[in-house]
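Given below, in the form of structure tokens, are the structures.
After this come two complexes, each holding subunit A, first together with subunit B and then together with subunit C.
The block that comes next holds the complex of A and B.
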């Protein structure tokens, strides 16, 4: 009986893994096909001859070097900025006593219920009034604060006792020093997790960069992938080749920091 | 550092006063216990000394200096918390060094000082471990070393032993006393355990209901309780307290009539009830029944019935087991009368009146 259960469990997990991996496999396989193979029926799983040339051609099809630089700048600045503001806010909500703290927290919590899509137009209008469209400012500014991150960090900071805070005060630490010498190192795994999630989120974001940039030079990698979709149709082989080199940095990040991501998500009680 | 409270009042919410017009002096170099039931305001008093809390009214002095407006850092206090509050991500050595790092000492000086302190509290073989790898007693030692690191003007400990098991508690309280003697640091120790307080203090301050019930040496506290609350709080087994009227017949002529008429409650320490042949300074002789008699080793407890009131005695060691009724002595030492407000009006140190 036990054996059957364990076989069944592995079967389900294997099935899940295949479903997760299939799109990646399909992307890799398509990226190495000839143009006719990509739309052939029944589908071709393994191309007859591997078209490595697709990668060279895809890279040349648009200024991917420039897009890459843009993506790196936007991701790095967004992540660091957001982390910084969120750590400060989470500290205030967790350890400082000030008038209206709970009310303010409730209001912020309420904003999490507004779908992100609803914010696109007001944000766009605000930024265009600020003449920031087509600049890094537009790509970065709206993401410098995230209540989701504040909320997650506050949960973790709350698990550090107030006595620890008072102990540090008595030991001569200011709020600022307590935050960076004690609270942040004690919350390392959650901070790493939200960092990685934010890096992946920024790197992959598509809708917002598409809307606030129309200058070739300001586009990011995911938006750049549009180059393969023209009025004449989509060149799937090249699109998939480009997609592959767009996601590779994130796969690397994920593989190296997987342990922290899982620990962080299970700590905060927020199941992704 | 000598600590003085002048008319200190504290209210958290501006309505209920947790501490009411506290006045006391803690002498330099002594170990003072704040003792009282939970909720009595001990931690609040300690936090006022530390500067983590500011009084609603009144003044606090360190030596001659008014420090009422100074924070914990400026007052240079060291503090040990009930849950130790060690920094889990730092090694023992780094924990002890932390206050020194905040004070801007060089790496070399910090390490030297940390090693000295670790030796003082006997954790010098644990320096590289993280707090999570230590036992409760060892964590407590590290917390004490950290509190002593910046050579505090005063060392404050808030129920530091309550997370330890009974045997370790006794060991650690002796350790705290030893460390206090060796360093000579003025120490304030909070506890709700009277036995703990009686064993380590130079003086004990009993706090209850926002007031200092009594502030004196352990011996005085036991022998001359100023009020019924203190008499009942100090001592194990607990003092026998019975309505004074039940004794008035036996006390007539022994206690002045005007005192007897005011007395509401009588307090009788369990050792103040003895067999007549062993009496030292008898006040009077009472007659009663034996309800229960237990002897374990050298200790004994007898439950006596006197005029339908139950009295406990610890001095009936030679009682034969078949005794049903007996005459027993009420000793002068350990017998008190309290008036309707709980104030002592008879017994103990008569000069105090």
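The block that comes next holds the complex of A and C.
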């Protein structure tokens, strides 16, 4: 009886895993086919000869190189900037005493209730008044502060005892030194988790870059890919090749840093 | 030191550390929150110069009378009801099975979680191709079991199911991870006690697992509902920059996007955002109220 249940579990889980993997497999398989092969019925699972040239052709069919550079710049600057502002703010909320501290914290908690989509219109107006639409500024500035990140880091900083803070102060360390030489290294795993999740979020973000870029040169990869679908038309091999190189970087990040991503998500679950 | 009352000196220091985050946050979070509520009452608005010449409720009466907005609210609710319960049930079932098996559980978890890290826009192109009526993989596979081809993306009756299937597929991994955390937190002593009392595995499931997992189930459900209310990227990408055949996948955020970005009706767009906020608020409060009675902490 127990054995049957166990075999059944593996069977169902394997079937589920196949369903999860199939779209990725189909993307890769299609991206390596010749045009006639893509629409052949019954479908060709593995192309006769792998058309690596599709990748070269897709890459040249639209300025994907430029999109790639834009995505890298936006992701890196957003992530580092947000981490910097959040570490400072989380430290203040966790270890410093100042007037208005609790009130401000409650206000920020309240803002988390607001759907971010509501902020798009006023932010667009603000940025167009600053003449920043179609610049890296518009893509990056609004994301340099994240209360969710502040909140997560504050929890971790709180778990470092106040005694450690006193001790460092008595030894003559300034707050700035304590933060960067003791607190940050002690919270390395949370910071890594937050960073990786932010990188994935920035890389994949779509609605905001779509709205603030209409100049082709400023598009990020997802926006560029969406625009490319019109040019690609029914050339599914090229479209799948282009989709593959939008997806691959985050898959690589995921494979190497999976531990931190899972930990980051588990943490957010534990708090709830 | 830490329990001392703040002084002038310590306060200035605290605010200095907060300053960078505060400056950005005031400009791009706090101010726009207030502004978007105000904007929903703007009836004459010159956004180039940010000058308002008339206020009123007409944006809300417009929404009240606009059949498109009714459709958007209806479709959003259908999407939420179509995605969240199924997603919770399937991810719970998978998490329970992953929790029971001895080998390769982590390999399975890696695979189930993979869609979460992939770009929605890119993977929606793949689904668009899979759903293709003539050459799509899905219709071919359905054909093998004798189901006639379905025009997934161009038939108004099938567009929403197509969107729901893709969204469930993409969201499963995230919930599975959370459920696995919840299951790991259940102390094994409860199961031992239940076993001593003669509970079989079904009774252990209904009387130990389900109640002790309920806080996590609650969290996953609330998360899922809020996220599903805001669906946009999936629609834009799956239907190639449209709201589906005869607007069959027009949701509230998509409506907001169209009013704002293609029609430049900022007041109406802002008003639809306000409606979205209150809808999410009401549904979340309802869930909180329900959880008071049924979630065991």
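Following the convention adopted for this analysis, the second predicted complex is superposed on the first by the 216 of 272 C-alpha atoms of A that agree within 3 Å, B and C clash if a C-alpha of one lies under 4 Å from a C-alpha of the other, contacts with A are read in each partner's own complex, and residues count from 1 in each chain.
One rule holds for everything that comes next: a contact is a pair of C-beta atoms (placed from the backbone, for glycine too) under 8 Å apart; a residue touches a chain by one contact, two chains touch by 3 or more.
Nothing here was measured: the structure is a model prediction, and the numbers come from that model.
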- Query: Hey, is it subunit B or subunit C that touches more of subunit A?
  - Reply: C
- Message: After the superposition on A, what does A:188 contact: first (subunit B), second (subunit C), both or neither?
- Response: first
- Task: Based on the superposed arrangement, let me know which partner A:180 touches: subunit B (first), subunit C (second), both, or neither?
- Result: neither
- In the superposed arrangement, which partner chain does A:21 touch: subunit B (first), subunit C (second), both, or neither? second
- Task: Answer with first, second, both or neither: which of subunit B and subunit C does A:166 touch in the superposed model?
- Result: both
- Just subunit B (first), just subunit C (second), both, or neither: which does A:253 touch? second
- Query: With the two structures laid over each other on chain A, which partner does A:52 touch: subunit B (first), subunit C (second), both, or neither?
  - Reply: neither
- Task: Could you give the residue numbers on subunit A that contact subunit B in one complex and subunit C in the other?
- Result: 166, 169
- Spell out the part of subunit B that touches subunit A in their complex, as residue ranges. 50, 52, 71-73, 77-79, 81-83, 85, 87-89, 98-99, 102-103, 146-147, 150
- Please give the residue numbers of subunit A that touch subunit C in the complex, ascending. 6, 9-10, 12-13, 16-17, 19-24, 26-27, 30, 38-39, 41-43, 84-86, 88-89, 91-93, 95-99, 101, 104, 107-108, 111, 113-126, 128-129, 141-142, 144-145, 147, 150, 162, 165-166, 169, 175, 200, 203-204, 206-207, 210-211, 221-223, 225-226, 229-230, 236, 239-240, 242-244, 246-247, 250-251, 253-254, 258, 261-262, 265-266, 269-270, 272
- Message: Applying the document's contact rule, which stretches of subunit C touch subunit A when the two form their complex?
- Response: 1-2, 4-7, 10-15, 17-22, 24-25, 27-33, 35-36, 39, 47-48, 50, 94, 97-98, 100-101, 108-115, 117-123, 125-127, 129-130, 132, 134-135, 137, 140, 169, 172-174, 177-178, 181-182, 215-216, 219, 223, 226, 229-230, 232-233, 236-237, 240-241, 253, 256-257, 260-261, 266, 269-270, 273-274, 276-277, 280-281
- subunit B contact footprint on subunit A (complex, rising order): 161, 163-164, 166-173, 177, 181-182, 185-186, 188
